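Down below is the structure, laid out as structure tokens.
Should a chain be cited, it is by its letter among A, B, C, D, E and F, assigned in written order, with residues numbered from 1 in that chain.
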Amino acid sequence: MNKANKSVKTANKAASAKPGEAKPALHAIKGGKPVLVKSPPKPAAKPAAVKPIPLKAAPPAADDAPVIALNLPMAKLTPAMSSYFKKCQDKLGFIPNVLVAYAFDMTKLETFVAMYNDLMLGESGLSKLEREMIAVAVSSQNRCYYCLTAHGAAVRQYSRDPLLGEHMVMNYRVARLNKRQRAMLDFAVKLTASPWSVEEADRERLRRGGFSDRDIWDISAVAGFFNMSNRVASATDMRPNTVYHGQAR
Amino acid sequence: MNKANKSVKTANKAASAKPGEAKPALHAIKGGKPVLVKSPPKPAAKPAAVKPIPLKAAPPAADDAPVIALNLPMAKLTPAMSSYFKKCQDKLGFIPNVLVAYAFDMTKLETFVAMYNDLMLGESGLSKLEREMIAVAVSSQNRCYYCLTAHGAAVRQYSRDPLLGEHMVMNYRVARLNKRQRAMLDFAVKLTASPWSVEEADRERLRRGGFSDRDIWDISAVAGFFNMSNRVASATDMRPNTVYHGQAR
Amino acid sequence: MNKANKSVKTANKAASAKPGEAKPALHAIKGGKPVLVKSPPKPAAKPAAVKPIPLKAAPPAADDAPVIALNLPMAKLTPAMSSYFKKCQDKLGFIPNVLVAYAFDMTKLETFVAMYNDLMLGESGLSKLEREMIAVAVSSQNRCYYCLTAHGAAVRQYSRDPLLGEHMVMNYRVARLNKRQRAMLDFAVKLTASPWSVEEADRERLRRGGFSDRDIWDISAVAGFFNMSNRVASATDMRPNTVYHGQAR
Amino acid sequence: MNKANKSVKTANKAASAKPGEAKPALHAIKGGKPVLVKSPPKPAAKPAAVKPIPLKAAPPAADDAPVIALNLPMAKLTPAMSSYFKKCQDKLGFIPNVLVAYAFDMTKLETFVAMYNDLMLGESGLSKLEREMIAVAVSSQNRCYYCLTAHGAAVRQYSRDPLLGEHMVMNYRVARLNKRQRAMLDFAVKLTASPWSVEEADRERLRRGGFSDRDIWDISAVAGFFNMSNRVASATDMRPNTVYHGQAR
Amino acid sequence: MNKANKSVKTANKAASAKPGEAKPALHAIKGGKPVLVKSPPKPAAKPAAVKPIPLKAAPPAADDAPVIALNLPMAKLTPAMSSYFKKCQDKLGFIPNVLVAYAFDMTKLETFVAMYNDLMLGESGLSKLEREMIAVAVSSQNRCYYCLTAHGAAVRQYSRDPLLGEHMVMNYRVARLNKRQRAMLDFAVKLTASPWSVEEADRERLRRGGFSDRDIWDISAVAGFFNMSNRVASATDMRPNTVYHGQAR
Amino acid sequence: MNKANKSVKTANKAASAKPGEAKPALHAIKGGKPVLVKSPPKPAAKPAAVKPIPLKAAPPAADDAPVIALNLPMAKLTPAMSSYFKKCQDKLGFIPNVLVAYAFDMTKLETFVAMYNDLMLGESGLSKLEREMIAVAVSSQNRCYYCLTAHGAAVRQYSRDPLLGEHMVMNYRVARLNKRQRAMLDFAVKLTASPWSVEEADRERLRRGGFSDRDIWDISAVAGFFNMSNRVASATDMRPNTVYHGQAR
């Protein structure tokens, strides 16, 4: 792990050259696809135990704890993923732990990143904030610590409304939402709690709320994605980077 | 419908002309391995409405119905996806409807296919049958018509035991499983029903059942994936190809 | 399974000496009451352990397993029940395992058969298919392996629509039903899941769907009956005859 | 169905020729034994609307209300049922409303009575009180007004312990039961709430509590029966005779 | 607990010297506040209508059992509480066990009594009966033996309708209520079962039923209070005075 | 509400004249009883450590919104409550909204405050932090926005561990607790989710965790209290002071 950490630290140094650069979380990285990296970064020399990659500055003690409760040594990053991690470090100042967790296998990491970035950052009739709101409302239904923390922070950041983030975490029904967004979250949470009961009447309610059929797909796909991620996180006791807790309060 | 079908068929015919980049294969392809496609197929000429792609032989009437309840015209297949569809057609005799459903957007289709094939067909300490058993037990908990049908057929095929498929669909607890497989399904179903309650004791039970930490990841990831797919399918009223119903009975 | 199927067919051929006679399972036996046996069949010579009664031809291996997980030796059949079993064998080619399970006690067997046949085969404003649809939708809510198997086959047979059987087993909401039948199943499943919450408004919905008060009784009684049978079957780990699985696919 | 009825009548006549033949009695009959009825009572002259049959003495006002919320005129009682009703009237002072409710159809009434009496009054390793305790604990889980009232009274009567009846109605876990009875009720209530989850370990717990396999059948069958009756009662808004409320307080 | 018991018994003896007028339990004590009682209340002058079993006479054996399953010796009553207990004994003929349970700590007893009496006996747009109906419907949802017993008796007493008490205990939906009261109980039970789902539409339904905003507070506060009391009672296995069982039947 | 608001604002102005010592919210006021305050309490002498945002300065916009969704004008504060509010303002810098909500009726306010302060601040074998942990874990089960916000802040303050507060809010099972505290929260949450199922075995588990019977009472009483408060808050759409959100992050 040491060596891997070193290379990341190096990247951190380089990254911090330009002060003031906005540091949205994982979801804000442009393009998002782990495609062609021109100059491959030096690969880590050997597999590391799954531990958090520290922030440049001294990290809170809690970040020394393992990222997940499974002993899965980190694999050698592919050039694409190495570049992607570097980008995270440069822009966010840290590597989201979910990426560290998946990094024991490059195919798994790449497919996760590709799907995540398409869903959460790709083109959609839903704003990025709306997608994050779905993420958190679903994660609240599933009581997923990792996703509530990381995406709760994202809702606070995108909305610049710390309360909205708390509403999504605690009970989305208390948020003062317009009809469209309320319908969106009602659909996503019903789909989470009792997927078998979702029917045409539910889709019609979304259409009446102004959503296109493509929007309905996106709502469903984001809700579905977090029903997956919530379970991977809960199954592995995944721990969020502590830095999220203080973001955009 | 005719036109859409024609364009896909054309694409399929043309497809194998140019050597192709390796792509994961979908589970139902015989043997299950993502074989190299020699030549990229010509792209489909224009977007088609989302309707089922017929079997070569006359399809059952029900397959004329839309694949999903959303009006999302099929996009032009990328060469990789065109080749992949052709492979499906060649080996299975049909294109699984989930692929048709995702084909309105090539990025979504490709990321779905990549994740699916890695999880269900890639290397793992879990056999392909075990992964399909998880898929069906999870889909039973979520009462997902599409996944129960398509993956119920897969369990029947892989196991050559039609009853096992029915057990997974109806109530996995009635199957005569060894301790290992029972522990695996108990974990997957608990993770599905109450993900917040999964803890170290649950992982320990799997370890005592002989599973490695990597296996635990795979169980979780497959269970998570179907918690996603079940919801996308239920949200869109996705319909399975009718051919599944009769397979391996 | 080919062989098993063949042997059943042979038995069926023998049984169906009179062409054109309908051959649905247990539920199709005319009259249904175990009374008036013209020629009493020979009584079984001595109590047997609860094991399946073999088809005339060699049964599939799985049918050698015990019918239930309780050790309850079969009693001597009364003349009425002996005649009834013979009729089952003649017309169906097998004795449904539920009858074998109840046969440790003739009073229990006779009262079960009498109630079953009245409810499922007697006069009613509900068609036999509709009653079977209720049976399966209720059994799906209760995840009862025995009843889903035996009555799923009945839905396939009566409807000549294999998909309808699967819909009932997996999630009745995906079936394309007319309003009447949907209202009927919604009532039956609500009555199953939360009987305390059924009220006049629910009955009114059935009346608006065209059901008479007598029909409402019948829907309730069939739903109630399967809430009983599902529990007897689950409590005793009752196993369906394997022949059901292949019927009417 | 005429023919069937006729044959039943014939059978009944024949049957009653032989003295000593057990006939089903309803639980509330003192002593609980199905005593011989010497002379068949006169059949009711014409169909009646479903209203309670008054006690000999002036009934409480509430008993003028319809027995169920369905308009199902009472049919002409068969001699057997007429005799049975008379017996109820003689011994209990009233006809239990559930009998009135079923009396729109003699086959349904007779099969219900036959099954009820076998289960609740027939030979069993379970005492009659224990069977009533199961009835009430199950009905409490299902919040069934009719059955809680009628069988709550039965528990009070059989046990001569009014508190025990209240415990069964309100929350069987508060009763001070011996291990055997607690295991019995735990099984019955689990079978009621989540029948799909009952497995060999649950049966083993009963066996360790001293129950035979036949006892396990009886526990299951009684629990099953009330899962049926609870639903018929709730579906039809069945009202208990008011007299139950004051019994054995 | 010996000492505590002694003091209670002594109080009972003193109190029961004068035969007591029947009075509803705790809830009926005027004013309700446990504050300074200037002069001992006049003893009731004549025998009870509802025949409470006086503590003077031999109590039923069950009342010798501990009130709760925790070993918490009764504290010395403050003058206010001593006076209050005396009032209970005089008017009711017994000390409600919940008071005995709280009497290990005078602050806890006094705050409980103060809140209880304000809520259940203070001024409100809800009648005392309505508040007791809420108490029982909530306690039924939570299956709380203590509160169902004590407040079921109160509903019977206030309403002079024994059946109404049973309806509240068993399933409030079977009671023939006017729209206002039904809306009130629907709100209280929804608030009990899924408080997170209560929203403006639910309050609007109450307003349409004729309730003021102050009434809505009171419905909520009473429902809330019994959600507290139910849990304290269940957590401590609190046992009601046996006298309740026979009251107002 | 204008008038009420005015009086509260006035109180705030007066109160904030003296800079306040940092104190946890409501729960920190010593003694807690709303009894006659002879002389105004001494104002706190120095600036707050936790930097509450004083009401004197422009409050966040959200705090202009009504505290609850019911139109209940604030009553004239009794001297005791006036003094208590002043103490809150002095020590916390604000009046917790729950107090404002109850202030439409002085008896209700006083009894609420008395019970709250005894439970949360009075003597107990449970530390104040432990009581707040119970408050938040219960409120999380009930998804109560008000209580999660106000008491989540309290957990952060008492523990000086912001993560612990988040754990309690999101899923208490992810917190790294010692056995004692885990048992305590398991009990409180089980008591919240299914109070009817709490039995002697649950109390025994607490005793084995080192809790006395008095401690068990306190755990139960705190859990019960928040089951009440959660419901009052949800029923009335109670909104927390925005200042909580930023506290002790």
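By our rule, contacts are C-beta pairs under 8 Å (C-beta built on N, C-alpha and C of every residue); 3 or more make two chains touch, one makes a residue touch a chain.
These figures come from a predicted structure and were not determined experimentally.
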**Report entry** Partner chains that chain C and chain F have in common
**Finding:** A, B, D, E
Report task. Quick one: report the Å distance separating chain A from chain F, using the average Cα coordinate of each chain. Result -> 33
Report summary line: Whole-angstrom distance, CA centroid of chain B to CA centroid of chain E, is 59
Query raised in the report: CA centre of chain A versus CA centre of chain C: separation in Å?
Result: 50
Report task. Check each residue of chain B and list the ones that touch at least two other chains. Result -> 143-144, 171, 196, 199, 237
Report summary line: Every chain pair meeting the touch definition is listed as A-B, A-C, A-E, A-F, B-C, B-D, B-F, C-D, C-E, D-E, D-F, E-F
Query raised in the report: Residues of chain B touching chain F in their complex?
Result: 196-197, 199
Query raised in the report: Within the complex, which stretch of chain A touches chain F?
Result: 62, 140, 143-145, 148-149, 162-163, 166-167, 169-171, 174, 237, 242, 245-246, 249
Query raised in the report: What residues of chain C sit close enough to touch chain A in their complex?
Result: 171, 173
Query - chain E to chain F touching residues, read off their complex - result: 69-72, 104, 107-108, 110-112, 114-115, 118, 122, 142-144, 187, 191-192, 195-196, 198-200, 203, 213-214, 216-217, 219-221, 223-225, 227-232, 234-237
